[in-house]
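Two complexes follow with chain A in common, the first pairing it with chain B and the second with chain C.
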Partner chain A sequence: MTITIALQLLIAGLSVGSIYALVALALVIPFKASSILNFAQGELVTVGAYAALVLTALALPYWVVLPVTILIGFVVGLFIERAMIRRIMAAPEFTLVIATFAIGLIIKSAIRLYWQDNLFTIDNPLPFGSFRVAGVVLNPQYLWVIFCTTMLVVCLAWFFKFNPLGKAMRAVSQSQEAARLMGVSVERVLMISWGISSAIGALGGILLAPIIGINPEVGHLVLKALVAAVIGGFTSLPGAVVGGLLLGLIETYSGAFFGSTAKNILPFVVLVVFLLVRPYGLFGRAPLVRI
Partner chain B sequence: MKQNQQTVWMILALLIAAGIAPWVLPTYYLYLLNLILINIILALGLNVLTGNSGQISLCHSSFMAIGAYTYTLLNNHSQLPMLLCVLVAVLLASVGGILVGYPARRLSGIYLALATLAFLSLTQILIEEFPDLTGGIRGLKIEPSEFLGWSMGNETMLFYIVAIACGFCLYITANMMRSRIGRAFDAIRTSPHAAQALGIQVAQVKLVAFTISAAYAGLAGALFSMVVGFIDPVEFGVSASLRYITFIVVGGMGSIAGSVIGAVVFTGLPEALRGIKEYGDLVYSAILLLSLIFMPNGLVGLLRARKSKPNASTVGH
Partner chain C sequence: MIKKLVGLGLASIAAMLFASTASAQGVTKDEILIGGFGPITGPAAYIGLGGRDGLTMAIKEINAAGGVNGRKFRLIFEDDGHSPTRALGAVKKLIDQDKVFMIFCAAGSNATVGTIDYIKAQQRVMYVSFASAPAVTFPFSSYLFRGATTEVPRYGELYSEFIAEGLKAKKVAVMNGREEYPKNEGNALATALKDVYKVDVAARAEFNIGDKDFTPQLLAVKNSGAEVVAFFGNPAEAAIAMRQARELGLKQKFFVGATMVDKSFTLAAKENAEGATGFSLIPFLPGTPNPTLQAWEAKWKKEYPNLPVGRPNVFDVMAYTDMYVLAEAIKRAGPDLNTKSLIAGLEQIKNFSSSPLAAPITFTNKHHIGNLTLTVMEVKGGNWQPVGWKPSRPSEILKRYE
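Now for the complex of A and B:
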């Protein structure tokens, strides 16, 4: 294998990985705050993709479509938390897993009813095509994805470190009781954490739309994001990013070396191995439980 | 004593009904009845694992797939008698249960959900990636086989086999729940720590629960392929698993009556709503979500609450 091919695969792996990282981040944020894993996250990506489709059909330019899509995602997240999740917050874990799964299925089948199984696409937002640097073909779409994910990570790092709301979110994830005593409105923080996660999902949707197209099965991606989140440890934001990128690289290189069967199977093998050997991932810590 | 008598009469009535059903029902309703009985078997198995032992499984459709594909392949390519094919299908599905149960011994909650989801995805990919054996996404047709000289194409014969299998499963489950292992299942759900302290080997019991539950699903899978005559991987995806979970959540967790009610209602419901077939998944998942929020104990829980209310008030006086 030449260095050029290795580099080419590296770029491809990183761009696939940054999508995984994006959705994994969207999974981890509400999980940290409310310890609820949102299995409907994939469908929130789908919502973003279809929102972008509808807005683009209204002949709006990409630079309007992008923020509006993210806003729509945010509002959908707020609604899901307020209308459904808050009612079953204290329910057993089984109920929460199945309920979020059901929410996802509702969104997916509603979308399928309206748009059928057609494959839509939206135009490439960037005005230039692929170009070569030192023999490596660079697709601006992929670079745009990598750029957006990087920006998002920087924004989130800032948000959780300096913004009062971000700090409140960290406080809630440490102890809801103590946060409440310090005057933090826990309900509001949880609701906003779902909104943010859903907005990130919508961003993932609009980024993916020109690359893989828009159909009701876009949300299938959440499986990979879950694997990424497990690799990183469910409670760690940097872990989610590292896990996503790692998974993207593993997939791309294994696909190149061993073919598509290996590429499809390997993520789940990795998942099972991690669950068996290191269930709390590379960066997570096992929670201490009082019996 | 009176209760016992009632039960005996009910069982007798059911037996007679099952006996004459294939002679009076039109083909389509017989087919529907077969599906209901198969779903009862599946719901019973899932309820042992989820309702009684408190374990999450998102991969029950995979256990069913293992049963269905094993039966179909053996039936189409070997000369083995029908019962042996079914037995091998059930055994292989239980092996699948062990494969999932082994990591599940140490996992709980979302981690268990993820492990079972991984197993589901793996079986789906394996079915799709080896089309020479499994027919891939195009699916497989099942050749009709023979049982004691009767062709399985014979609907009456087929119905009796499915009904006997279902009755057998009901009998086994009812007895199992009253046995040592059944009580152990309930104990590890209510409090794993207390169960461990009382000498129940929690890890081992979990493994047993997964194995038994997968065996039910394998049997349901084999019967399903006999009745429907065609299988493809779409039939065994996540939404199928969620459908089976709907049976027991809406019917009632940890209750045999709940499994039966759930399976009957939700196999019948799509027929009642036949005019709006494409809304199927939407209706299913909406009912699932609403009953999780507003009816956590299922239909059986509602009935019980209604029954016990007058009693509670008499005690108050």
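Now for the complex of A and C:
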């Protein structure tokens, strides 16, 4: 393997990994706030992709479609939390997880009612195609995904560190009861965390649509995002990003060295081995218990 | 004595009636119940949705024209999700629970192979419209018929001749998915290229359904020095792979499997599909400026006004025309319709085209491969267009049925 091929695989791995990272981020946010693992997150990516498809069909420019899609995602997240999650918050965690799974199936089936399983795509929003740097081909669409993911992490880091609402979310994630006693509206915080998470999912959808196409199965990559989030530590935002990128690299290099079968198996083998060594993931920490 | 004879006669009549009723499950004096299945969800839904809708439209037309031999068709269609186990479940339900007369298979090879043993055991006719899996027609079974599509070894013959003689390639790379249809076609091509034309298969690369990145496979193809890349998979994967191929600087011509010679591929791969070649199973593809096809498309759009861009696709046309082949066979089977008479009716079909949209179909009592005629197409200006190349090497696949 030449240096150029190794670098090309590196770029490919980071590109795919950035997609996993983006969806993993959206998984981690509501989990941090409410300890609910949202299995409908993949379908929220699908909602974003279809929202972008509809808006693009209305001949709106990409720079209008992008924020409107994110806004649609945010509103869908608020609606899901308000209409369903809040009403069953007292149920066991397992029930909540299954409820999110059901929400995902409802979304997917509703999409199929109109669009069926046909494959759609939207045009590359960037005005230039792929280019070479030192013999390595770079696709601007992937660079755009990597840029958006990086900006998102920076914004979220700022939000959780400095914004009062972000601080409230952190407080809620530590103890809902204590946060409530400190005057935080826990319900409002949870609702907004679902809105943000859903908006990130929708962002993922519009970013992925020109790259991998649009059909009701787009959200299937939530499984890979889950692996990424677990590797990262599940409650850590940088962990989700690092986990996603690592997963993308493992997949790409294992595919190149050992073929397509290994590409599907090896990431999960690594996950199992990794959890045996670091059960709380790369950036996760074991909960401290005062005795 | 007379009493004995009368008793024997009555018993014989009862036995005959019972036999007739038993073999004519799903047939009444005014209705024929057909069970259909195909993937209407999942990665191969572009196959089953077209199959279901084309089939439904043909049935509606045939019924409106009075049906066949006084009977009208009724269809029950099940989703197989492109899975062999789900397909088997669907066929069991259709035969055991819904009591259909026969099965119309609008599935891909992956799902179809799961049903073959059960169909043979149940001794029900299954008319396979799209699946190229060898097990459908070889070894020969009286109950299995392949309509618009052809058998994998025939693909191997045609693909290899076109690539070796038409495209003059000396080195070829084969990329294929790991499921039934792409794996079979990739293998058939590689074998025929090596054995018949002594063409070097410089690289073989496999991928999985749903893969989003093909960089490792494409780099292997690039380094192999192949002049043509033969790709077998679904349009969603092809669209990503062909875009990445161009980005990675692969200038080679792409040849794609017959399943992708359709609008679903050109719409997904867009400008990256330009110059790709492949074989079509029907003479004209939807979107071709042919008056007969345009009239049919107008009729289809009236029937399904809200379906998206990309439909009708090649699978709508194949299922539609195959239903007319089936109706013709049922007509020839006569009023006493049962499995045996249907097989006899189908085996009378010789060089039959229900319309200019369909390739001619022939069945005999030796083989049930309906279609051996394919047309080479190339993507020009975003659409598949006939190239005009004709194969000259006689097919040898029918020899094994002699």
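Methods note: the second predicted complex is superposed on the first by the 276 of 291 C-alpha atoms of A that agree within 3 Å, B and C clash if a C-alpha of one lies under 4 Å from a C-alpha of the other, contacts with A are read in each partner's own complex, and residues count from 1 in each chain.
What we mean here is this: a contact is a pair of C-beta atoms (placed from the backbone, for glycine too) under 8 Å apart; a residue touches a chain by one contact, two chains touch by 3 or more.
Small disclaimer: the values here were computed from a predicted structure and weren't measured.
A.B. asks: Chain B versus chain C on the shared chain A, clash or fit?
C.D. replies: These partners clash in the superposed model.
A.B. asks: Who does A:G255 touch here: chain B (first), chain C (second), both, or neither?
C.D. replies: It touches chain C, and chain B stays clear.
A.B. asks: Look at A:K263 in the shared chain and tell me whether it touches chain B only, chain C only, both, or neither; answer first, second, both or neither.
C.D. replies: Second partner only.
A.B. asks: What is the contact status of A:P279 with respect to chain B (first) and chain C (second): first, second, both, or neither?
C.D. replies: First partner only.
A.B. asks: Looking at A:R180 after the superposition, I want to know if it touches chain B, chain C, both of them or none. Which is it: first, second, both, neither?
C.D. replies: Neither chain B nor chain C is touched by A:R180.
A.B. asks: Just chain B (first), just chain C (second), both, or neither: which does A:I19 touch?
C.D. replies: Second partner only, chain C.
A.B. asks: Tell me which partner A:E217 touches in the superposition: chain B (first), chain C (second), both or neither.
C.D. replies: Touch partner of A:E217: chain C, not chain B.
A.B. asks: Going by the contact rule set out at the top, does A:K167 touch chain B (first), chain C (second), both, or neither?
C.D. replies: Touch partners of A:K167: none, neither chain B nor chain C.
A.B. asks: First (chain B), second (chain C), both or neither: which does A:F120 touch?
C.D. replies: In the superposition, A:F120 contacts chain C only.
A.B. asks: Which segment, 1-9, 37-45, 55-63 or 109-117, is the chain C region that clashes with chain B in the superposed model?
C.D. replies: Clashing stretch of chain C against chain B: 109-117.
A.B. asks: Same chain A residues contacting chain B and chain C, which ones?
C.D. replies: 112, 261, 264
A.B. asks: Given the complex with chain C, which residues does chain A contribute to the contact?
C.D. replies: Residues in contact with chain C: 5, 8-9, 12, 15-16, 19, 112, 114-121, 129-130, 137, 139, 211-213, 215-217, 220-221, 251-252, 255-256, 259-261, 263-264.
A.B. asks: Going by the contact rule at the top, pick out the chain B residues touching chain A in the complex.
C.D. replies: Per the stated touch rule, the residues are 50, 54, 56, 58, 103, 106-111, 113-115, 117-119, 121-122, 125-126, 129, 193, 238-239, 242, 245, 249, 278-282, 284-286, 288-289, 292-293, 296.
A.B. asks: Could you please specify the touching residues of chain A with respect to chain B in the complex?
C.D. replies: That would be residues 37, 39, 84, 87-88, 91, 93-95, 97-99, 101-103, 105-106, 108-110, 112-113, 223, 226-227, 230, 234, 261, 264-265, 268-269, 271-272, 275-276, 279, 291 of chain A.
A.B. asks: Can you list the chain C residues touching chain A in their complex?
C.D. replies: Listed in rising order, the residues of chain C that touch chain A are 39-43, 45-46, 49, 178, 205-208, 210-213, 215-217, 219-220, 223, 235-236, 239-240, 244, 246-249, 264, 267-268, 270, 306-311.
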